[in-house]
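Note that the chains are named A, B, C and D in the order they appear, and that numbering of residues resets to 1 at the start of each chain.
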């Protein structure tokens, strides 16, 4: 009777286990919430709040960065940018975290996938990390294409290095890896070999490049989109993104979309 | 040129030194803010906030409960009741406290005062405490009349016991001291001896009783009033209380007023 | 929860088991965290405004958080009335036996067609008329023009036998006049209010924060304005009122009841707390018990001039 | 602070060294934490509205905090214009060389007398007309009635040669009409906006939270509404605008400038941060430098339809 009964999200309180400042404005948070951790899939997200008063007003969406169903915890990798993330950055182990999740559709890894490329800029790697780990588990070869403003903002590079076939870096200032577009590296790879699926974080610029490469090299490609969200569960129709098939809710029909369906206005 | 230049309040950040839950919803907070602690006088108050976002929106007024100019700290005794005090109750040593103060006019202790009575209910004792200590220092005999809902809410009774001539208690439930109005005890004392000055916390009921006794026994009497405040410095005209001489700002002309000037509507 | 106390309210022809329901556009029966039993505990269910024909709604961004509030420029994406009846109404029917349907149109005939089309459906308990949404061709909004408002409600009435709830716009200088006009035109109930028109600008990027330039402000920020409007109408127009705007806890809802509302809708608060409607129902019950009232009727409109 | 960038603004006949000043009623020269030098850095000083004769203001409680906002029902306590000139104006003169005086009256003659009385004082740079405060005898507010607004401004103009700033009420359905009316009547500048009418009820005690039943809502809660109104006027009426409502940081003030305001008043934010006006001036300067503008003029009204 309820259409989405099968995958109904939960609203529960979690417990902050740790909150670590990685560098600059980047933090990693571990939250204990077994009911959510057990259901979470790569590419999905939670709506989260650590505030009781009404400023900030809404919950904030964050991708699962790590999922540990055994210990009933999940991780979030986040960047401090505004009101909500400032409160998160100051929070301490033991604090309560109000959660709604898991939300959204998650990444699809088609059967018989031999290799994938992940393309991310900065914090965009957060959503892709569990996908990388899951792919590794399934024995899929991973090509990682990572970019950032500067070297020390190339997040999780050690971890990704250790489990990927190949990792390519670019930084805007050239402080690590090359300068320039990380998708040029991808193009070089595509010239040499077949990549089954490309996954890209929500960066408009990167996604457009992937779309262009896709037209040429014909691979499956998925993007994880971000839009401002009020509810996260599909009720408010606030988080839409333009697609070939009209406006789609990022929280409900997404956040993962086939790259070829997404339309960026310019 | 600036009329109140002599006593211009400061706006500074203080440091929370400790925050102790005394019992139930009652807390004591020690704040390091030497510039304010050095200027503070009994009966004055600070406007305080420990929140950066806009809910709660205003600062909150609190009386000086303890003043230690040597260590540059002052104490606040407070009851957790709403948005602001809830945040205060959760705060920890090291947190920043935004302060404006010292504010208001403070208690007057006339020359040649031999004895005083202090009359307080519950948290009302907070503003009177530094007055008691100051009186003690000056060798003035103190009669304390304390009431509360129940015994364990008779705050600071040990401390007051140790420095007062006599202490009278009433509780609503009779769990400590007598039941009934604490001002009946005062009346008994007044029948026997002359009290130079009576100081009462802002309780409307107590103040009205004092006013009646004052008519009969003719003593000086001062009350510490409370009104909702926006600015605390006299600018907004928001915190007025009715007096014989029209509306007076509690933050500026008060919070301490001669009892006979104050008008309570009913 | 002891059942000593009655939460039942009557809004003219409309009887509710309790006064709490979602505000249109903030609740979707297809994406709710509430289960069947919980949905049935609501006083009514009120889905997002529907249009006669399919509409896609506004371009993004549609949502922008403000201080204690939310600007939205969702518009009214709708799959049209036929889809609504086929796909959504059956779900609503199973969830609750009081269903209020919110109507949106671009013109008077638009609204009338919609009302007429729905008139047969016995499952629908009342129609709420969304007066503040779209522009008429001549640029005048129903919600801020007394003559247009009268004409609209008067004509809708001709096309339906269902109770009409006029959902007023708060963007007016005298809400009492609008309520009176709606009543005179035939509305049996007033909902006050829809969102206040607002705007936000990203000063770094120098762009409007909403795709549609302006949007409607909802949330706690606006509650004092709405409470005032409820009270003004309650003092001057004899018509049952549904209050809506910024309610996020039982105390907020009780404030509206005391001001004169007979029912209360909850909108934006559902977003950060999908259980809020249930908590408010419980909280009202507790309040009545604590204050020793037998019925919620005892507190509706308690605050007089 | 490098001085490469100009913050000077012209509002018709009124020249300001920068766009930031206090909102009437939220700043008192006799009780400020700002020192002489700091006071002189403000674009202008604007004390609380004055009345011709002494008035005591409203009974308490006069203040009530709401979510991200503040309801006030202070009314306009005033010692009268004579006292103002003798006791307050000399202090203002020493503090800043642009003094704007806010006028409040119960009737048109009231306002005219006040304007006439002040006309001689060379220290006063402009008069701001508080249109939303008191009730006329017949219960119509100047700020929400076009005809009354026109009549009032038109008549005040006859009694003064000083620039007239019409401070509009936001409690209207079309702020553009009000701005146009004020302009046509002779106002050279518009301040938008005063407070939105609101109410709050203490549900435990079942009493109004304000002594005067209703009050005016100010603070961050209302900023999106005011930004929208500034923008609406800027798109349609050719008159300089002073924006006011909910500004508490440079970003908020810049939002209003981008929307079309040439100056910005700061009200309630002074209460929790008495240094806010100075911080905003510095913040605007930094923004202009960072974005490589030479003058604040480059960003005023940048957001177009």
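Keep this in mind: a contact is a pair of C-beta atoms (placed from the backbone, for glycine too) under 8 Å apart; a residue touches a chain by one contact, two chains touch by 3 or more.
Because the structure is predicted, anything quoted here is derived from the model rather than measured.
If you take the mean of the Cα atoms for each chain, which one ends up farthest from chain D?
Result for the farthest chain: A.
Averaging over Cα atoms per chain, report the distance between chain C and chain D in Å.
So the centroids are 34 Å from each other.
Using the average of all C-alpha atoms in each chain as its centre, how far is it in Å between chain A and chain D?
The separation of the two C-alpha centroids amounts to 46 Å.
In angstrom, rounded to a whole number, how far apart do the mean CA points of chain A and chain B lie?
From the centre of chain A to the centre of chain B is 54 Å.
Going through chain C residue by residue, note those that touch at least 2 other chains and give them in order.
Residues 66-69, 219-220 of chain C each touch two or more of the other chains.
Which residues belonging to chain B are in contact with no fewer than two other chains?
54-56
Answer with line, ring, star, complete or other to describe the graph linking chains that touch.
complete
Using the touch rule from the top, collect the residues of chain A that touch chain C in their complex.
1-4, 8-11, 49, 54-59, 98, 100, 227-242, 246-247, 252, 265
With touch defined as at the start, can you tell me which chain C residues reach chain B in the complex?
Spelled out, the residues of chain C in touch with chain B are 67-68, 220.
Touching chain A in the complex: which residues of chain B?
So the residues of chain B in touch with chain A come to 51-56, 83, 86.
Contact residues on chain C for chain D in the complex?
Residues in contact with chain D: 66-69, 71, 144, 169, 171-174, 196-201, 203, 206, 208, 213-214, 217, 219-225, 227-228, 231, 246, 251, 254-255, 258-259, 287, 302-303, 305.
Chain A touches which residues of chain C in the complex?
Contacts found on chain C: 25-33, 35-36, 48, 56-57, 59-70, 72, 74, 77, 91, 94, 219-220, 248, 268, 270-275.
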